[in-house]
Amino acid sequence: MSAHLPRKSSVALRDPRWLRWSLLAIALAFVALFLVLPLLAVFGYAFEKGLDVWRAAVVDEEARAAIRLTLLVAAIAVPLNTVFGVAAAWLVTRYSFRGKGLLVSLIDLPFAVSPVIAGLIYVLLFGKQGWLGPWLADHDVKIIFAVPGIVLATTFVTFPFVARELIPLMQAQGGDEERAAITLGASGWSMFWRVTLPKIGWGLLYGVILCNARAIGEFGAVSVVSGHIRGLTNTMPLHIEVLYNEYQRTAAFAVASLLALFALLTLVLKQIVGWRMRRIAATEPDA
Amino acid sequence: MRRTIAAVFASALFALGGLAHADTTLLNVSYDPTRELYREFNAAFAAEWKQQSGEDLKINQSHGGSGKQSRSVIDGLEADVVTLALAYDIDALHEHGDLVPADWQKRLPDNSAPYTSTVVFLVRKGNPKGIKDWDDLVKPDVGVITPNPKTSGGARWNYLAAWGYAKKKYGGDAAAQEFVGKLLKNVPVLDTGARGATTTFVERGQGDVLLAWENEALLALAEGGGKGQFEIVVPSISILAEPPVTVVDKVVDKRGTRKVAEAYLKYLYSPQGQEIAAKNHYRPRDAAVAAKYASTFPKVPLFTIDEVFGGWQNAQKTHFADGGTFDKIYVPGAK
Amino acid sequence: MSIDVADIHYAYGSAPALRGIDLSIESGELLALLGPSGCGKTTLLRIVAGLEFPQRGRVAFNGRDVTDVSARQRHVGFVFQHYALFNHLSVFENVAFGLRVRRWRLRPKRDELQRKVRDLLDLVQLGDFAHRLPAQLSGGQRQRVALARALAVEPEILLLDEPFGALDARVRGDLRRWLRGLHDRIHVTSVFVTHDQEEAFELADRIAVMNQGRIEQLADPQTLYTQPASPFVCRFLGEVNELPVALHARWSGHDEADVTAFVRPHDLDFVPAAAGGARIESVRDLGPTVRIEARHPALSAPLVAIHERGRFGGSGLAAGQAVAIEARRWVLFRGEQAVTEA
């Protein structure tokens, strides 16, 4: 998913009208069925018993703990992945070395792997029966079934977003501005802050928005490593599952409505940033 | 920027670590249906403990499929006590990691099962398909909802209850296998857990009869939006489910919580504890409490795992291990 | 600041780009690296800048070995073909960049910085544009900003990579002359890369003609044109007729079959002669000049003569006419070797 759009194609203007309208109708039907309807359902069920019940569900102690945990995990995973992503993109686009293709594939690995497997990897690594298990137990360090494990699993699953957004962007931009900065006497760090970061700023923000959205909504990987300790290691998605299974449908959807609101907010931000990026690309001095 | 990240990370770790040492905490790793039971029980026990010892006690709960929870404890989830569905799942704690001694089950009365349950049928109001007993489940137009024995402890009870009935009625394992096979053919979907199966039946309206733990069925009646929408049918014979509890020795010794953990479990056998269990739809062991709730828990002949199957290990090996009878009988989607 | 480059070898992976370059550039000189695409000229420039590092060889400034010195420390000014301006900074800030990133102690104070930048902007005639963004400037203006930016750090060497390549012809011409004027005033040792022969000739004191990673010839424009060291140089510097010496008695002293005379179209004449051996194929009016092509049975390529309009008018040539060939100037080559007149 990238913000880069190709120049407007004029092919569409040559398609027959009926084709254009049918395609539009199909697309709208799809969006309505798979996106709008479920979204409406979420809000419908959430407020079905009135605003008070909704509020009660959301300020419930376990719900608040889940919200706090979700935000904490995102607050750690997203900055980590931002740093990793920028470093990885820099490495891939500014250096040539053997195995670069392999590195790029590895960056995409979390997309290819089922989130449940991702969680399992960490259990196998850090669980009591895992590789590092005995060492961790001896030093009384809790990773799996505790917050660090959730952070790790979430970081893994959301890793590619920033890198994937930056790599094509930085490749397209080329490195001449950075080279200019170097010849003008800038240190590596100075060059990065004054030249590279402003160049990739909007693309970076776009990637961060996506990364954040995924971090907040992650279910599978977190479910495996969480331990499901109520009030402690349940994130919002997990807590919603718990509520639903307890026949507390309204409460479940109430918390889910928060996630849905957040999703809508993400979409709006993404659109704004994407629009900004396209505007900049259009007025950019020709490379 | 990096320093801030490290600081947040470290404080998160410390916060969690701190949580473990501030007041005394216990972690009870349980299976799905006991959520309501332990919510009430934990509050009661914490009050009792505070009175007895003056100590503030915080009890954390974790719920999930019994097998999955057992696996998690083996992988390092630090449970002070486990209250699971099957003795088999606790035996695993001994086998893989020596978390409890081999004779754990003898340490508490009644095979370490302070409450019991059994398998009953939950049907729609008015019982339109006229389901009275096990035989009705194999009729051609009856949809049966039960979870997957491979993933759900509760499902294994259902399976063995059906098997036990058929074996007694039709004589012999071969007949039983045929019976259970026919029953499984009537199952449209196998959920992973007992609570999921209940949701499928109650919320999504699939199937005509739900094979469920009695406590699940009673809960669904009481709360599941199912007031007046369902009825319970108790079959002619069913299986005695004895969900066991134990302290996890390795953990309580490490955390120094043995005393309070043992008191916690003992409280389950006390009159107050038994009352809470009965209120939350589990059959109490205590005779006095049982008498009080006689109308909720009708008398039904019950057979045990040991009687019919020679114990859990055997049952697991014969039926639910790879290549066992379940694998032989169940072909997904086959009609 | 003089530049000495010795035995430079560079390869991209397994593809060699520079195969042993030796070059000495005098202080204050304006030198052009001229050659076709892929000849290695930009690579060589980058190596001098410190943006690339050779696998073998040495680079020295004023005798000081800088081969292992990073670009940051070399104090060279570099101008890129596509300007490489910092698009999020104003013109003023672009020019001030090199001064702002200096280490704290070396950084000029606010007033001094303002003065320096203003002076530079005036030098490149963009004084009124200080607060514009690069996106608001034309190509020529952007390149001038790039130049000012490079000069701001007072480099002793200025390197330009096809600086006018991205501009249209008219602007290119103007900027060329302007750059020459600038160089005459500032006398910074400058090296620029181009594939345009005319540009090199107009700007440079000396030109290094490069081909496939080697320098074919290093000389001033006059010498290159009249005494090319190899057929490649000769062909690269402009259109040329390649005639076997047997074609004209004048060259009869060099009768061997493998000697070729290279004659520029401006130095070739067609004289009407019934048994001349060649026949005129086309006469095209190009404006200030006239281009005449003729065919000789012994040659596969047409003979090309270019004359000024006035001269042509006098000789009255027309298509179909039989002509003989006359040459006023030529250069002889046997294979790759130049052959001197006997």
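Each chain gets a letter, A, B and C, in the order it is written, and its residues are counted from 1.
We take it that contacts are C-beta pairs under 8 Å (C-beta built on N, C-alpha and C of every residue); 3 or more make two chains touch, one makes a residue touch a chain.
On a predicted model such as this, the values are computed, not experimentally measured, just so you know.
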* Asked: So that we know how the chains sit together, what is the shape of their touch graph: line, ring, star, complete or other?
  -> line
* To do: Return the chain label for which the distance between chain Cα mean and whole-protein Cα mean is smallest.
  => A
* chain A and chain C: spacing of chain centres that average the CA atoms, whole Å -> 51
* Per the centroid of Cα atoms for each chain, what is the distance between chain B and chain C, given in Å? -> 86
* To do: Averaging only over C-alpha atoms, locate the centres of chain A and chain B and give their separation in whole Å.
  => 37
* **Partner chain B, residues of chain A touching it in the complex** => 72, 75-76, 79-80, 83, 123, 126-130, 133, 136-137, 142, 144-148, 151, 227-233, 242, 244-247, 249
* Structure fact -> In their shared complex, chain A is touched by residues of chain B numbered 1-2, 4-5, 8-9, 12-13, 15-17, 19, 27, 32, 35-36, 60-64, 72, 74-78, 96-97, 195-196, 199, 202-203, 219-220, 223-225
* For the chain C and chain A complex, residues of the former touching the latter -> 13, 49-51, 70-72, 74-78, 80, 82-88, 97-98, 101-102, 134-135, 137, 142, 146, 149-150, 152-153, 166
* Asked: Which residues of chain A touch chain C in their complex?
  -> 96, 176-177, 179-187, 190, 194-195, 198-199, 283-287
